[in-house]
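These notes open a run of structures that come right after.
Shared between the two complexes below is chain A, which has chain B as its partner in the first and chain C in the second.
The block that comes next holds the complex of A and B.
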């Protein structure tokens, strides 16, 4: 309903960092994908033989540090309390969705390990599954800021 | 107790019994085996996972059968508690998954990776259920 929509100028601090996190998450996923695909093509090797360990660690660390720094700067520039009861409720709502997807990821990974699937796929299932869980949870939070938490 | 609270107790029970049995079994094997790589744990681990699911569904069936009118009825409080518990679970999982992730990165023995992951899975379930049980008792 249009009347319930928030004035876009007055987004809360937490909503702003949620947007930032989502952009960062997508950017780091694309960066990782780009590095791996480029390596596979230029080195003329199949995808599973690409040296993925370095890029994966790099992407995890860089995006973690960037998010931390961005959050810190935004927090220092922001006046007043960072979150209210509504922010906390929306964060919990998003995290509960991420949690459900994350446990599904663990479950799939366990079965892959039990079936002795190649390490490349096991790690990528874990990596992409966790990323996907965070992505869906963050998207749900943004949806909840606009439309409210579905009951 | 609401339907949801009973279901959580069933889930907690399942998350405790099957992993405990597996833990006893694997502890004996680790003690006996010369190298962990030799332990044939896969079949038992899959059985433990399956048994957990089975016990949980049996619990659900008993709860539904005992009071069919109350089955699958959830109110706002149930939903709030579920969300809070699951949110805590996600944070716990995010921390615990670093262990298996690092092990896999370092190409550790699959035995350790799989079991570290199983431990993370079980601990997340137990902590989530405990948080929900406390919230049901003490209120939000």
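The block that comes next holds the complex of A and C.
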């Protein structure tokens, strides 16, 4: 986690894990994209027919476990309380934004299901949509750490 | 009571009622025939429109009600604009709602991977959305009534 290298007065524990989470999120997205595109190219099949189920589960599980482990290690190394009132407010603010985007994703998913869209696209809308929601929420949190919560 | 708080109350009435009606219609149909033939799309569109429309109309109606009550008592109506506290509570509620959104999203991805009929996928997703809305609404109400 980034918090270990930086001055602990300058950056809070929660801010450090936020950076770590952002890096991990981007890395797992790129890894998934890499696997799927490579499979589509080497197997000479259209994108929709790629075997995406295994890689998706793998990426979700691996990044989840890595985040959990990273958080645990950082928490054990960190002395003192993990978060203060400011951290809580910023977390709430960021999660609120990703929550709104996640509900939008659910809405779009329902429409796609109603239109009988191919399962590949439904699942990827959901997968990428919630990933994007988390990304925007995390970016908003980092912004809030630097510039404060916009009113 | 601010306008945001009133809309939370309305949401907590409209969402469960609509969901109850929707699921009783669709699930009784599903019990009578194979799920492939159940027409759930139109009821779902109705249910979603009812939720959005119900919350908007209900919020307007409660505002009018507050105004009329104050008028009847002969005092100046205080409709209370939303403030910083409302915004913070909004954030809190949206955050709580994420719990069910997350679980629902994961469940739907698994169902889709298992190639389950779209009927079940869509209804799981809708149920998750409803539960998230109710859970978030309850959290907001608690914050309004008892503080954070």
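In this text, the second predicted complex is superposed on the first by the 142 of 151 C-alpha atoms of A that agree within 3 Å, B and C clash if a C-alpha of one lies under 4 Å from a C-alpha of the other, contacts with A are read in each partner's own complex, and residues count from 1 in each chain.
Heads up, the rule we're going with is that a contact is a pair of C-beta atoms (placed from the backbone, for glycine too) under 8 Å apart; a residue touches a chain by one contact, two chains touch by 3 or more.
Values in this document were obtained by computation on a predicted structure and should not be read as measured data.
Engineer: After lining both complexes up on chain A, report clash or fit for chain B versus chain C.
Structural biologist: clash
Engineer: One more residue to check, A:109. First (chain B), second (chain C), both or neither?
Structural biologist: It touches chain B and chain C both.
Engineer: Once chain A of both complexes is superposed, is A:78 in touch with chain B (first), chain C (second), both, or neither?
Structural biologist: In the superposed model, A:78 contacts neither chain B nor chain C.
Engineer: Of the two partner chains, chain B (first) and chain C (second), which one does A:146 touch, if any: first, second, both, or neither?
Structural biologist: So A:146 meets neither chain B nor chain C here.
Engineer: Please work out whether A:41 is in contact with chain B alone, chain C alone, both, or neither, and reply first, second, both or neither.
Structural biologist: In the superposition, A:41 touches no partner, neither chain B nor chain C.
Engineer: Just to be sure I read the superposition right, which of the two partners does A:95 touch: chain B = first, chain C = second, or both, or neither?
Structural biologist: Touch partners of A:95: chain B and chain C.
Engineer: Need the overlap of the two footprints on chain A, from chain B and from chain C, as residue ranges.
Structural biologist: 53, 56-57, 91-93, 95-100, 102-103, 106-107, 109-110, 113-114, 116, 119, 122-123, 126-127, 130, 151
Engineer: Residues of chain A touching chain C in their complex?
Structural biologist: Touching chain C from chain A are residues 53, 56-57, 60, 89, 91-93, 95-100, 102-103, 105-107, 109-110, 113-114, 116, 119, 122-123, 126-127, 130, 151.
Engineer: Along chain A, where are the residues that touch chain B in the complex?
Structural biologist: Within the complex, chain A contacts chain B at residues 53, 56-57, 91-93, 95-100, 102-103, 106-107, 109-111, 113-116, 119, 122-123, 126-127, 130, 133, 137, 151.
Engineer: Hey, which residues of chain C end up touching chain A in the complex?
Structural biologist: 41, 44-45, 48, 84, 87-88, 90-92, 94-95, 97-98, 101-102, 104-106, 108-109, 112-113, 115, 118, 121-122, 125-126, 128-129, 132, 136
Engineer: Inside the complex, what are the residues of chain B that reach chain A?
Structural biologist: It is residues 42, 45-46, 49, 76, 79, 82-87, 89-91, 93-94, 97, 100-101, 104-105, 107, 110, 113-114, 117-118, 120-121, 124-125, 128 of chain B that touch chain A.
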